[in-house]
Amino acid sequence: MYNRIEQSFSRQGLMKTLNAQLAAVEKGQVTITCEFSEALTQQHGFFHAGVATSIVDSACGYAALTMLPENTEVLTVEFKVNFMKPAKTDKLICIGKVLQSGKTLTVCEGYVYDSKEEKLIAKMTATMIGVAY
Amino acid sequence: MYNRIEQSFSRQGLMKTLNAQLAAVEKGQVTITCEFSEALTQQHGFFHAGVATSIVDSACGYAALTMLPENTEVLTVEFKVNFMKPAKTDKLICIGKVLQSGKTLTVCEGYVYDSKEEKLIAKMTATMIGVAY
Amino acid sequence: MYNRIEQSFSRQGLMKTLNAQLAAVEKGQVTITCEFSEALTQQHGFFHAGVATSIVDSACGYAALTMLPENTEVLTVEFKVNFMKPAKTDKLICIGKVLQSGKTLTVCEGYVYDSKEEKLIAKMTATMIGVAY
Amino acid sequence: MYNRIEQSFSRQGLMKTLNAQLAAVEKGQVTITCEFSEALTQQHGFFHAGVATSIVDSACGYAALTMLPENTEVLTVEFKVNFMKPAKTDKLICIGKVLQSGKTLTVCEGYVYDSKEEKLIAKMTATMIGVAY
C-alpha cells in the first residue's frame, strides 16, 4: 500500500515544489509533512493557507485511496477548510483520515497541526470520488 | 488601491513560488493568474487543486481588502471549493469577488477559469475577517 | 417537468410542515417560497436558519433533477451555506440553480432572498448525486 | 448554564414545530434529539436533510454559547454538512461540540446519529459569531 501511494505522491510536481514529505501510510489514514521556508509564506511570513490546504488535500486523497481497489484513482470533488490558528510553526503535520467510505464517494477529514502536534491550525472536510482507470 | 494590494502580494513567498501574477485590482474584485509548469502538478500532470485554491484564496482575500479601511489586514476564516472540471490548461485565471461586505466579516466568491475564461474549473466561497493593525 | 417535480415535492412532509410552495420550475432552476409564521422562528423571532436551508436544499435538489433522466432521483451529498443577513422578512424566496451538471454529480448554487428579492439572506453551494431507480 | 440554553431553546418556534428536545447541556457540548414523524420527511419517507441540519445547527449554536459570557448571543456565520447515510431512524440524536473557541468566532462540529448512536448520518462544521447585547 505504501508503495502505491508513494509512486503517486512522487509524481505530484507540487509536492516537490512545496518540499512535502510522505510521512506515514496506513489503511484509512495518511500523514504528509512540510518544513517551513520563505518560499511558502503569506504576507506576514507564516505558512500560506494554500500550502496547508494543498498538503492536507493530498493527505485526504491518499487516505481515500487506501480504501479503494488497485485500479482506481481519486479526485477531489470538494473540500472546506476552517483556519483556526496562525500557521506559525517550523513544520506542518497534515493528516488525512477517512470518515466514511462509500462505493462512489469517500468523505475524509483533514487535520493540520504544528510541528509538536499540539495546535490544530486547520481542519478540512473533503469529498473524494474514486474513478476506475 | 493597486499599490496597497501589490505591496502585500509581493511579500507572499508562495505567490512567487507558484509564479502567480497580480493581473487586475478593482473595488471588490481582484484577478491573479498563473502559468502552467511541471512544478505545479498533481499525479496526472495537470494543475494541483491546491495551486488553484492557493491563488483564488489570495484573490478573494485581496478583493475583501479593497473594501476595508487602510490600516486593516485580512485573514481567511474558512473556505469551501468545488472542483468541477480538470485543471487542464496552460494558465489559470483566478478571480475573487466580494459578495457581502460587513463590519467584521466579508464573504467572497472565487472563480478559477482556464486560460480562455471559458471553462469554470473551480468555485470557492470564502469568509474573510478584517483585523486592524 | 413541472409535474415530475411537483409530485415529488408534494411527498415531502417537511415542505408541508414549513408551508413551503413550489413557485417555479424551469430547466436548471427551481424556486420555492415560504411565508413567515411563528412556527418557523429562532429565538429572536426571525426565520430559523434551518428553514431557509431546508427549502433552498430542496430547490437545489429539484434544479439538479431537471437535468437528469426520468428514472433518476437526487440525493444531497453535501452543502455549505453562508448566512449574510438576518432573515427578517414576511416571505423567503429560495432559488436553486445548476452550476455544473455531470454524469454522476451535479453542483448547484442556492439563493435565499427576502420577499422583494432585494436582500440576499443566504447563499448555498450544494453537491447532488443522481441515483437511478 | 442549562437554564440559559433552555430559555433560548424554548423561544425557537422551529424547534417546537420539529418537536425537538433539548437533551443535554455541558460546557462546550449540547445534545438535541428529534423523534421521527411524517411531518419531517423528504420524498422517500425518511427525515429530510433540512431537519437534521436545523437541529444540529441549533446544537452547535448552543454549544458555542456555553463558552461565551452571559450577555452574548450567537449567530450562525456559515456551516457545511456532509450527508453520509440515509436518515432512516426513529430518532435523530444531534450533538454540537466546540472545536475552537475564539474571541469573536467559535468553530463547532456537529454530529447527527441514529437513535442508537451507531450510525453517523451527517457531519457539520459550523462557524458561529458571538454578539454582545
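We call the chains A, B, C and D, going by the order they appear; numbering starts again at 1 in every chain.
Simple rule for what comes next: contacts are C-beta pairs under 8 Å (C-beta built on N, C-alpha and C of every residue); 3 or more make two chains touch, one makes a residue touch a chain.
Which protein is which chain? UniProt says A, B, C, D = PaaI family thioesterase.
Only a predicted model underlies this, so the values are computations on that prediction, with no experimental measurement involved.
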Using only Cα atoms to place each chain's centre, name the chain farthest from chain B (PaaI family thioesterase).
D
Length of the line joining the C-alpha centres of chain A (PaaI family thioesterase) and chain D (PaaI family thioesterase), rounded to whole Å:
29
Take the average of all CA coordinates in chain A (PaaI family thioesterase), do the same for chain C (PaaI family thioesterase), and state the distance between these two points in whole angstrom.
33
Measuring from the mean C-alpha position of chain C (PaaI family thioesterase) to the mean C-alpha position of chain D (PaaI family thioesterase), what distance in angstrom results?
20
Which chain A (PaaI family thioesterase) residues sit where two or more other chains touch them?
77-78, 80, 82, 127
Which of line, ring, star, complete or other matches the graph of chains that touch?
complete
Enumerate the contact residues on chain A (PaaI family thioesterase) facing chain C (PaaI family thioesterase) in the complex.
77-78, 80, 104-105, 127, 129
Help me check something: in the complex, which residues belonging to chain B (PaaI family thioesterase) touch chain C (PaaI family thioesterase)?
80, 82, 84-85, 99-100, 102, 107, 120, 123, 125, 127
Residue set of chain C (PaaI family thioesterase) touching chain D (PaaI family thioesterase) in the complex reads 8-9, 11-14, 16-18, 37-45, 48-51, 53-55, 57-58, 73, 75-83
